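Heads up, the next two complexes both have subunit A, just with different partners, subunit B and then subunit C.
What follows is the complex of A and B.
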């Protein structure tokens, strides 16, 4: 039994490897379309033609593109992400600094989206068949039309411009120094036993997390509601009614559990969008994560940084997709059979 | 049931009206806009809307940080949004639709190849891929269109492939093949009419998506040329002055919401109408 499960998990993880390789080739290929010359950009403006040529040779840019790709991939495998042209620093530490912030934001947003989505889905299902359902439906379409970056601006306008009630920049108040540790601020603050730090970090996290979570809750609401519709057509719901259980218990105890499976799958799929969505929300909230670094790199055409961050985004998405698949397999014995 | 149908068309109607507003503004921009959208009046910076204290009748919705007429920029922005939305969604539809039909129709290794390509594409968060594409292609409105097509064709491909697979089981497709129709003819005459409603729905939703992507790229400064009055550019420009002039930020956001909500309602309405036709029995269920 455990051996079978392990084999399934292993096979699922292995399936992601060729995709990751293709993704990295694509990323590399697109960035080579670029009309600018990274070698010329990484030398002072008064450099001579010969100096630029030397740099080009040092960076391996005189080689054919497939060879450049192989070189890049090999250094990546050694854990070396290259050197930023703009910061003149290795990319690895830059990533290590910003990735935890982005993951923390994405997870917080997932929690918000999960609560709003599941609550909303149960609510939408509860009012089915009444005029409220039409209103709710229209409302969820309206919610779906507001992308996360607009939520970010709306929240900034409300909480910073109109009421000046919440901080809208960074991860901590200026007065605090970042605590050493994992880079996950909430966790680090708890580990250090600093409640003031925890409060400040949480306060900075709330609005960005809501901006992302609000925009990702409508699809969850809808999938949960249609999942409940399907489950309510099953015999065991009628059985439960015949046994005299009240509607609330049927909904929560019997139906919701089974309707959660497609919802969990969707949460996994949506995570990719959500994780990408952090990019702009980070920029708008000056949140020091990967998104901010990426946009900075894009403005400076800092190819090594763009490549490394792009690949990291894909890696996280692939990993989350694999984990979602595995969790679904564990949850649903029917899927495991084949 | 009749009430449901009326309500259903009501959704299409609201969406249609919202889209029509944007369409009229975009098409009639040169006649509707009171000013040149790029004309700067440095004596009238950051004016509030005309009805607010300090507003001027010449600038009904006020001016931005360079003294440009906000109303005129909004109206011309509709044209930019429509240009991007229509071209990008049609392009994505053609690319994704053709590949989706080919994958679903032929199956086998063709299907596996195309589906694998979709998998690779889908592992990029859309925002990240479009940003990387804009780095490779360079800024400009046509490159925005191209980037959206290259990112979003997978939406069409994946959904249409699944739809084609169900259509392929129908007897009339087999009949067409037996009657000596070629592959292209079968797809064009027998399969496409069955997938067309879904295609229309996806195009409508994609138009809303394109408006959002353009705005996102504008906010990070990787979208249209600097002299194109796009809604996203207006948001990006007015962020610095949001404490003095929040209306400059709110108005283009409202414009984006109107357009996206319109396209989404339209697409949703079409989907519901289509759903009822395909499975009338299920629509009766609670």
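What follows is the complex of A and C.
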């Protein structure tokens, strides 16, 4: 089984290389073809034409696009993402500082989406054929039709403005400084043994995670319910009933596990979307992740930062796909046999 | 079991404490939490021209000169200054009692290092552009410095209180290097940086050894909240004590809420049309018709609740280049007459291209659409194109802007050179106007050293530019500030919101 898993990971890694090259070429090419002038953006208003040209040369923007790409790709291979035009510092540390926040948020949102989706799917299936199922369907449609940014606004208005119970901005309360560590605040707080810090970080994560996760939960509900319908048509469910098992045990202990395979795949796909969806939610909650950095980079035509973030998104999606494959392998012995 | 119970109790207590935390922090009377619209680009204040960052930089760093609330120039690190009659040197006499946050004494060597040595050795700082004509800075004593220039720089004193002109600690920077300095900045200002989280938060602590007036607030937390609606929520939720640049209507609503106050204050920011002197605008009649057709009062009422002040010259009221008695009227009949002189009218419209950003400053695209409608009534057909802010720079630097472009121009100094001078000097890449009639006069003013003569020159240019259709100012923009009603701050005419000016009643 471990050999199979390793083979899958290796295959995924190999497949990722051409995808990454292709994505990086597309990203680089499209950004270079945009009618914007990063050199002009990076100098003050009184800069002379000669000064702008000097900056353009320094940035390598006077070279042919293929040459610019090759130079960038070579520096990338050395682990150097280049220098931010706006911040005038290496892009790598900027990513390292913001990526953990975005991953933490996307994972928290996945937990919310997964919890609501799986719980809701089981619930909807359990009440199938009754008026409760119709109400549940209506509810899940409503959840799905409200986009994440609108959920963010709704949640802020209810829990921050009306009840004054939840924070609007940041990752920690004003009273706390960010602890040194991995950048994953929940983990850092646990490692530091700081419950107060953990509570504060969790509190700041709740609303953004729900804003992101709520609209992602209905597809999970529906896929799980549909999977359960299929599984319930199988003989072994009838046999379980004949053995006298109660419906709850059949649902959770037998049907759910088998119906979970497409759900797990969907969760993996959803994570990619969730990760991309963090951008707006991060801005609305002033959550200092990669989304905020991306918005700032786009505003300032900070090409090296935009390229690095684009590639990072791609890498994360590829990694999640690999993890999803592994999870599916663990869940389904038939896949392992194949 | 008891242990688990205790742990659970501890968790519940921590959660409760955390839930109360933000509120408590925002309400402590020796601290203030500010909801700010953007992060700083760097803790090197000489690095980027960033208008939004000036209020933060001014809390941590000091400038050689400063501006009063009414924008008049005053001494700061330099007790006195003297621009030579030929404009080729500036003498500065520094205070003797200034120390950086790390205890180093601030001397003229630090000034030389910041304004001469770093730019000359090629450090990539915007300050180098502004002070490109510095050939040397002599330091005859620790409190004296003489800036030597290759070209007259009449606005040198104004620039000593403007963008990027902050004095940095030479010894500290040379010992730790730029990266470490940006991680742990050391200035000489009224506040020290104690914590910085990229894109999120800055925590400043009062510098008790500050040479100037001691700030009333001990700790200032600047929470970066980029989205305007989130800033509104934050002040309503009581999680920040003051916030800025909320939508005008929201500011008015917040001002009526119990426990909150809000102001809409006109500042040294001008909404204007950057215009060309060629293409469809080669004919001055069309430019003048276009200007006469604009109802600035209506635009102010529609998009700024009447708070934005209609302008007749590219200078804000109270700034030296402003002409109180000169009014350029909204007169559609006159606009039609100008167009008729050139053979145009509603049946045979003059055609121009017009560019506007969408979302770069409040209601920009809506204003552009209103302008198009106003022009159409008199016989000017404007083809409106939305451009990204980044594309604006590309077009502007390449002299590829269309006939008219809606733009918002910020000038904290209030000096007319940085208003009309920059907009009408044909030698500057920033200027869309390349007409020699006005241009030559403006270029000449860049070399006039005598302050009164220079200002008189710009006042004349401001009037002439409008009367010949070379500039089309629209409105003086406003800054909106919402805050808890127990908090006071100094209302600077250029929109600075300085933490050191804040106090709780």
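Criterion: the second predicted complex is superposed on the first by the 329 of 338 C-alpha atoms of A that agree within 3 Å, B and C clash if a C-alpha of one lies under 4 Å from a C-alpha of the other, contacts with A are read in each partner's own complex, and residues count from 1 in each chain.
Here, a contact is a pair of C-beta atoms (placed from the backbone, for glycine too) under 8 Å apart; a residue touches a chain by one contact, two chains touch by 3 or more.
All of these numbers come straight from a predicted model, not from anything done at the bench.
When both complexes are superposed on subunit A, subunit B and subunit C occupy overlapping space and clash. Shared-chain residue A:23: touches subunit B; no touch with subunit C.
Looking at the shared chain after the overlay, A:147 reaches subunit B, while subunit C stays out of its contact range.
Contacts of A:295 after superposition on the shared chain: both subunit B and subunit C are touched.
When the shared chain is aligned, no partner comes close enough to touch A:78: not subunit B, not subunit C. Of the two partner chains placed by superposition, subunit B and subunit C are both touched by A:283.
Of the two partner chains placed around the shared chain by superposition, subunit B and subunit C are both touched by A:157.
35, 153, 156-157, 161, 283-284, 295, 299, 301 are the residues of subunit A that lie in the contact sets of both subunit B and subunit C, per the superposition on chain A. Residues of subunit A touching subunit B in their complex: 19-20, 22-23, 26-27, 30-35, 128-129, 134, 138, 141-142, 144-147, 149-150, 153-154, 156-157, 161-162, 229, 232-233, 272-273, 275-277, 279-280, 283-284, 294-295, 298-299, 301, 306, 309-310, 313-314, 317-318, 321.
Note for the complex: subunit C touches subunit A at residues 10-11, 14-15, 17-19, 21-26, 33, 35, 39, 41-42, 47-49, 124, 126, 129-130, 163-164, 179, 182, 195, 197-201, 203, 221, 223-227, 229-230, 233-234, 236-240, 388-391, 393-394, 396-398, 422, 428-430. Taken in their complex, subunit B has these residues touching subunit A: 7, 11, 116, 119-120, 122-128, 131-138, 208, 212, 215-216, 219-222, 235, 239, 242-243, 246, 249-250, 253, 256-257, 260-261, 264-265, 268, 285-286.
Residues of subunit A touching subunit C in their complex: 35-38, 40-41, 43-49, 51-52, 86-89, 94, 97-98, 153, 156-157, 160-161, 164-165, 167-171, 173-178, 195-196, 198-200, 202-203, 283-286, 288, 292-293, 295-296, 299-301.
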